[in-house]
Amino acid sequence: MLQTLQTGPWLGLFDLLGIAVFAASGALAAAGKRLTLVTFAFFALVTGVGGGTVRDLLIGAPVFWVQDYRFPAVCMVMALLVWITPQRIWSEKALDWFDALGLAAYAVFGAAKSLAFGVPPLPAVMMGVITACVGGVIRDVLAGEPSILLRPELYVTAAALSAALYVGLVLFGIDGPLAAGIAAVAGFVLRGIAIHRGLALPGYRR
Amino acid sequence: MLQTLQTGPWLGLFDLLGIAVFAASGALAAAGKRLTLVTFAFFALVTGVGGGTVRDLLIGAPVFWVQDYRFPAVCMVMALLVWITPQRIWSEKALDWFDALGLAAYAVFGAAKSLAFGVPPLPAVMMGVITACVGGVIRDVLAGEPSILLRPELYVTAAALSAALYVGLVLFGIDGPLAAGIAAVAGFVLRGIAIHRGLALPGYRR
Amino acid sequence: MLQTLQTGPWLGLFDLLGIAVFAASGALAAAGKRLTLVTFAFFALVTGVGGGTVRDLLIGAPVFWVQDYRFPAVCMVMALLVWITPQRIWSEKALDWFDALGLAAYAVFGAAKSLAFGVPPLPAVMMGVITACVGGVIRDVLAGEPSILLRPELYVTAAALSAALYVGLVLFGIDGPLAAGIAAVAGFVLRGIAIHRGLALPGYRR
């Protein structure tokens, strides 16, 4: 309720999008490990709400999904969806693309909710980045995979672009929904190029 | 105090049981790595109170062991117990069985405390599952072992059975202590069969 | 503000020291993986504020860096510093030494802030230990390295020495700043000997 009032209903779409696609990416990780349906649901839930949970704990908000059964229900639906569909319809990079969508959506929503809770701009950007990356990190740790942060292509940078762009545009007086749209698309495109073309910033070489 | 008032003293036994056996499983993991006594204590504490800590943070309760020295003291005692006893008295599967007890006890207590804090039934079940599994996950991550979630036998499913059964029985009007006993035994038996016979649900194969 | 009032400005130095050196150790871990500047910043932030964040969540304090941009700014500066300097000026053990400084400073500050928030002595010592070790654990998990807890030399023990010594000295009526200085130096020296000489307590061998 508070969340809706302070960030507008349009931002709820970003929250839901982040949850749904991260949940799918968690279930796909479980699929890769040939786990059971209940474990699919566990991976979907933890990956789906993980980033938002950390965000809410950090900014002192009540954890969003604990009092509202609709959020965990979305995770269950995504787990079931991945479970009942044949794996061949999921391209090899499906997990990456779902993750990219969740990354951009969560970076924007994390920054927006933080601003709404009175967090100053610089920490709000960081909050967007951290909460966008936590879902994927939790999923990789649970699945025993090397963290997505260590891949050579841009990842954290795409989240940082979305979060910083959103905060910057809002500070410049751009309307929230427009700023959110631009910022999310920018981060998603950057991450998409990174996935598709292997785009990477120069790594440390000194 | 609040915890006792709202869940009844009998549920405190489940809490204590979960803490003690998870603490032992943490200390046994440290034993497997040939670590020192102080590190035993650290593993015992973090594994013992980890699940309950996450539960309390999620439902907005004060973290139960921070103001009450008796809970961490239990963890220290378990660490010492594992330290002073020869390893041969711990069967190869001792860690699994301790973990199974903690899993069932924490799943019930996590769901019960969440209901007592006004969490709706569906998230309360999930809360039981998550908090029951977090202790083992933290232990495995700290010890650098593959997460117990990835093993083929039933694990998350046993926690889900305990948590869902408890919430379901309470909703049907069964007395709390009876519901808790039935639910914990059911989850423990299911996990026990999984350990003993390698029982597993069908994994994803599409 | 509350933090400053209750623990005194001198303790703020320990907090800042812990943040800065853990941030540097996070950036150095990113350097070892040849990551990008933005990922350096992410590792520096998460490693730098990770321990204090867990401490604040556990004791129910507002998370210290969320409302104050100066703390994350320190992490960014450390990331940049590591990025622009040639790797050869960082000795092979630089990460270990930075980590040792952060360990001692955070153990003392974690225990002190916990006491200031009314946590009893035994859990306050544990709080110091946990929060001192969490930064390094997060860094190692993110970097996909075996946790520092598993190394044979003393690590958790050094944090325990600092935290217990501080709480003990304060209970005996020693002035806070003096107690903090003694405790931090003791833990740092112990960890230093462990790094330099490979000092280890006897491991479990039963």
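Order of writing sets the labels: A, B and C. Residues in every chain begin at 1.
To be clear about the criterion, a contact is a pair of C-beta atoms (placed from the backbone, for glycine too) under 8 Å apart; a residue touches a chain by one contact, two chains touch by 3 or more.
Listed by chain with UniProt protein names: A, B, C = Putative membrane protein YeiH.
Nothing here was measured: the structure is a model prediction, and the numbers come from that model.
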Required steps from subunit A to subunit C (each step between touching chains, minimum): 1
Homomeric contact subunit A-subunit B: same or different residue positions, threshold half: different
Where subunit A and subunit B are represented by their mean Cα positions, the distance between them in whole Å: 29
Multi-chain contact sites of subunit A, meaning residues that touch two or more partners: 57, 141
Residues on subunit B engaged by subunit C in the complex (per definition of touch): 30-31, 33-43, 45-46, 53, 57, 62-63, 65-69, 72-73, 83-87, 141-144
Touching residues on subunit C, where the partner in the complex is subunit B: 57-60, 114, 118-123, 126-127, 129-130, 133, 137, 141, 146-147, 149-150, 154-157, 160, 200-206
